[in-house]
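Some structures to go through are shown next.
Heads up, the next two complexes both have subunit A, just with different partners, subunit B and then subunit C.
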Partner chain A sequence: MVATSPWVRPRTLAQGLILALAAGLITLLALGLSARAPKAIVGNPAPEFELELFDGGVVRLSALRGNVVVINFWASWCGPCRDEAPILVDAWHAYRDRGVVFIGIDYVDTEPEAHAFMQEFAVDYPNGPDKGQRIARQYQITGVPETFFIDRQGRVAAHYPLPLTRHLLISNIELLLTA
Partner chain B sequence: MRVQSLGRRAALGGVLLVLIGGLGWASTAAAQEDDLEQQAIQIEESLNCPLCEGFTLHECPLLICDQMRAVIRQKLAAGASREEIVASFVALYGEEVVNAPLLGEGFNWSAWLLPFLALAGGAAWLAYVLRDWHRRRGAIAELESVSARPPEEYIRRAEEELGEID
Partner chain C sequence: MADLGYIAIVLAMASALYAAAACLWGQRRGEPQLVASGRNAVFAAGGLLTLAVLLLVYSFLVHDFQIRYVAENSSRHMPTLYLITSLWGGHAGSLLFWTWILSMFATAVTYLYRDRHPALLPYTSAVLSIAQSFFLILLVFLANPFEKLPFIPGDGLGLNPLLQNLGMAIHPPNLYLGYVGVSVPWAFAMAALLSGKLDAGWIRATRRWTLLAWLFLSLGVTLGGQWAYVELGWGGYWGWDPVENSSFLPWLTGTAFLHSVIVTERRGMLKVWNMLLIILTYNLAIFGAFVTRSGIIDSVHSFTESSIGPAFLAYIALSLIGSLLLLFRRWDQLRGDHQLEAILSKEAAFLLNNLLFLGATFAIFWGNIFPILSEAVRGVKVTVGAPFFNQVSAPIFLAILITMGLGMLIAWRRQTISSLVRSLRGPVSAGIVAAIVLWLMGVRLPPALLGLSTCVFVGAVTVREFYQGTLARHRLTGEPYSVALRKLIARNQPRYGGYIVHLGVILAAAGIIGSQAYQQEAQAVLGPGQAMQIGGYRLVFQGFSELRNENLQLIRANLDVYNDQGRYLGRAEPAKELHFVRPDQPMTEADIFRAIGEPRTLFLEDLYLILVAASPEGTATLRAFINPLVNWIWMGALILIAGTAVAAWPEASEARVRVPRGAPQPAGSPTRF
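Showing the complex of A and B:
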């Protein structure tokens, strides 16, 4: 009969600790990678968010269910956003009484320049800063401008990671209004 | 005549006083400006560009970083502290904008410390293995040297016997 020592050998203990540490690191790495893996946005329910607006109000996406929602990510430092802004403002004025809501999300920007941009292009649809880049992460945007079209059921119907043309904007809105 | 001279002297003295006061005020203002600039640079160096990787806010050439640097200077001039400015940037751009761990953020600290802990653990393990290996090698070498050399008594007797044969 072999007597077993109640003490664990230091070498075994050290190896166990190293293995546990390595396992922990691999788990953290796997968690990080799975969190970064892109998930399909189009065709799925639009990620819910609450946006604090520049004018002090708050917009919650789920509260807009039943409307067609156009979510536009922009920034004052973004050149193509300047080309797109008048098109968005015109379309907002044309469709705001027909069950279409526009939301502007200001991505990685500074407030004075954001205000100047909105004033320059007379942007009057709900707009607010993406605090902590939380909404940008939810929608997995890769830059600005990017636009998402949300149908009346709250699903992402289309996503354009590029500046919109008037035709592209109107055709997507019309498609969702007649659906 | 004498009154005129006194008046002239008083006027000259007044001008000199104004000049000295103005110089003093200008140098104080310049020193304050320098101090604010130094503070602004320190804040910029402690923050990352929110769009590129590997660039601090101080060195990034993007337009947004120009805008952010201007905001830092505006806030400092308005009397905001470094902590207030950093907190407002974290709220707007996320924790990634800070290039050092935030105090009080448990996960952040663990994320920063874990690699160093792993490194220290690995180094300790390597040191233990090397020490163990060295100790064993030493023991084996000692054993070999002991077994390779015949005992003194045996050598003496062998030499005696060889002498007898001769």
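Showing the complex of A and C:
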């Protein structure tokens, strides 16, 4: 801006630097966004899994296509899960005949305690242990309880990393049933 | 209702796009009628957005849960005030609110300056309309606040309980006013570049707007800190969270800008620099919104939805690169009128201050985006914590404080060393005396000692400015001191208003240093009748009391507070609050204990108490902090507000002469606004 050097004009140099900085920054932010993008669970097809149930059967998520699926991650040692269990069981009884399937996934637990928990709350929807926490990782859960709502097309419609209230549970199911 | 709201947004988008096009082309081609119609479109967009905001507020008030946004952010049991503030409680609504504020700024600027700045204003309106169009496009296509649910829920999910308090009712609008407010000086700067009218006219036109935006940014930063301190209950006020930082960044560059324009007005220098600063400030404000909404950096403030990240980034790219290219086109015309004459001059001090502010901005920005950088380069997200920010920024802010003191002393153009030394003598002695007194009082940590005595030094410089000015006036005119002081300030409001702001900043700086360096913490599990001790206070736990209403359950720990002489000071009641709608988020209600009979709790330190847990067996887990001088930060903020008001207040000397519209303006009439 002051004197003109024979090689590169300071003006050009300053402008080039500023532009390069701006462009670099925007590229970086774009990279950050794209690294983030595939992580989104909600709105994308639900990650496929096969769950061995406590009662011996096997459930495969893709086989449930056409139903509204409620996937609940829980554990017998988790306090809020105890508050949530009766709500889930009630809703299951209310909606089991209307094309809604509940799946309980027991996260990091011991089988006797899990059985005791299920007996205490009369949990009678399909339930099984998440061996090696594979499913938990696929769904990127951060703790228990967490609940995912899968629509009839097999997409994750909603995700709640918190204990559900009756109202929350029912309104989400109704939403997907009417969709 | 929902349809009407959506139609209003769509029409507002059309108006804003038309306004931008009409103002640009009309001005380019010299068609005043086209410009006038563009101006009307600006008003139309403002009106339509106002309608949309009112409709959404109304939907909250009548519990129209068919609107998804209403269902997800309110419930039947919420008090009316929070029903209204739910407007900005979530993603889509806050975006609408932001856009509405922007439209109000655009409308105000376009209306107030309709007869002034004929060369600049059409471009200013156009640039503001372009910015507004972007947000409206987001609202129309990606984040419609009037989206309908296919069924009508019986009740809504309720507003996040963290947002249900008075501070949160004020904090976001206030911060938005700051963020959005910087659009005005930026738009004027772009208008200057577009029109080629590159004199200081745009700076003068926007001085008050800049001050206003800066004031709101300052308030946003401090109120946010105060809210965190009072509501979040972790004993601190600033966590270097990415979103907090994002609100701090435009404040830093904005502060630099406020200082550098002084140099331009006085000496016609630093013109390119000003442009760079305002471009940076505007884009950092947008960056703040981007960080909060894209989920690119994990933060307690983030909204969960993140689908608009790419759109936001595209806009940042457009506005940043676009502004820069405009600047490059006029680069040579922005040559300074003068060269820097001496290193020891006010100009140089301003430049140094600017570089330091920019350094702080860069350091904090770097820490903020480091997780993205590390993930891009090494595939691992490394988050930079508070220690990094504290270590990097503390020396820079100390240097800024010192420059602030020196800058007020040094004269324009050049200053001789001997006269500088002479004027430094008093303030430096004050600093040294303060250091000795502090040392004797037990302040021994070198950084705290250095920082606090620097505050005293800068404070002494500032007070001396007022003292000498008043004294000179008194001698010259014989006015009593109080009158002389008042007239001194009235004669040069921007300058003395700025000095008052400096006093506020010094007070806040002392508060930050004190609370950072000398915080004490203790934790204890107490049964009824048991006591804990912290910093000269004895806290005796007297059991719980419980409060319950339809919204929430409140468990209070009753603590009797005694001082070290065993005198009873009063009752403290830290609490836990459970909102039934969001049982997953129990709230901590900290108690900041104050007693009239114990002055140190009023002026020197906060006894800050938190109920960490209440066991069914009746024991309380308590955490207690002594936070020295925190109050000074809030007092500093109040002084800063007062100073900004003085600086921005219409000056007595430019009392407006009413000129009939259309009449030619007398030469030399004040055009300053």
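Some points to look at:
Everything below uses one rule, namely that the second predicted complex is superposed on the first by the 141 of 179 C-alpha atoms of A that agree within 3 Å, B and C clash if a C-alpha of one lies under 4 Å from a C-alpha of the other, contacts with A are read in each partner's own complex, and residues count from 1 in each chain.
Heads up, the rule we're going with is that a contact is a pair of C-beta atoms (placed from the backbone, for glycine too) under 8 Å apart; a residue touches a chain by one contact, two chains touch by 3 or more.
Remember, it's a predicted structure, so these values are computed and weren't measured experimentally.
Once the two complexes are laid over each other on the shared chain, residue contacts for A:A116 go to neither subunit B nor subunit C. By the touch criterion stated above, A:L28 is placed in contact with subunit B and with subunit C alike.
In the superposition on chain A, contact is made by A:I18 with both subunit B and subunit C.
In the superposed model, A:W77 lies in contact with subunit B only, and not with subunit C. Judged by the touch definition given at the top, the superposed model places A:Q133 against subunit B, while subunit C stays out of reach.
Contact with neither subunit B nor subunit C is seen for A:V58 once the two complexes are overlaid on the shared chain. Put subunit B and subunit C next to each other and count what each touches on subunit A; the higher total goes to C.
In the superposed model, A:S171 makes contact with subunit C only, not with subunit B.
Contacts of A:L162 after superposition on the shared chain: subunit C is touched, whereas subunit B is not.
In the superposition on chain A, the residues of subunit A touched by subunit B in one structure and by subunit C in the other are 11, 15, 18, 22, 25, 28. Residues 71, 149-151, 153-155, 157, 272, 276, 290, 294-297, 306-307, 309-310, 313, 316-317, 320-321, 324, 328, 331-332, 335, 339, 369, 372-373, 375-376, 581, 583-584 of subunit C are the ones touching subunit A in the complex. Note for the complex: subunit B touches subunit A at residues 50-51, 62-64, 67-68, 70-71, 74, 90-95, 114, 117-118, 121-122, 124-125, 128, 132. Against subunit B, in their complex, subunit A makes its touches with residues 10-11, 14-15, 17-18, 21-22, 24-25, 28, 75-77, 108-113, 129, 131-134.
On subunit A, the positions that touch subunit C within their shared complex are 1-2, 11, 15, 18-19, 22-23, 25-26, 28-33, 35-36, 40, 43, 80, 83, 162-163, 165, 167-168, 171, 174-175, 178-179.
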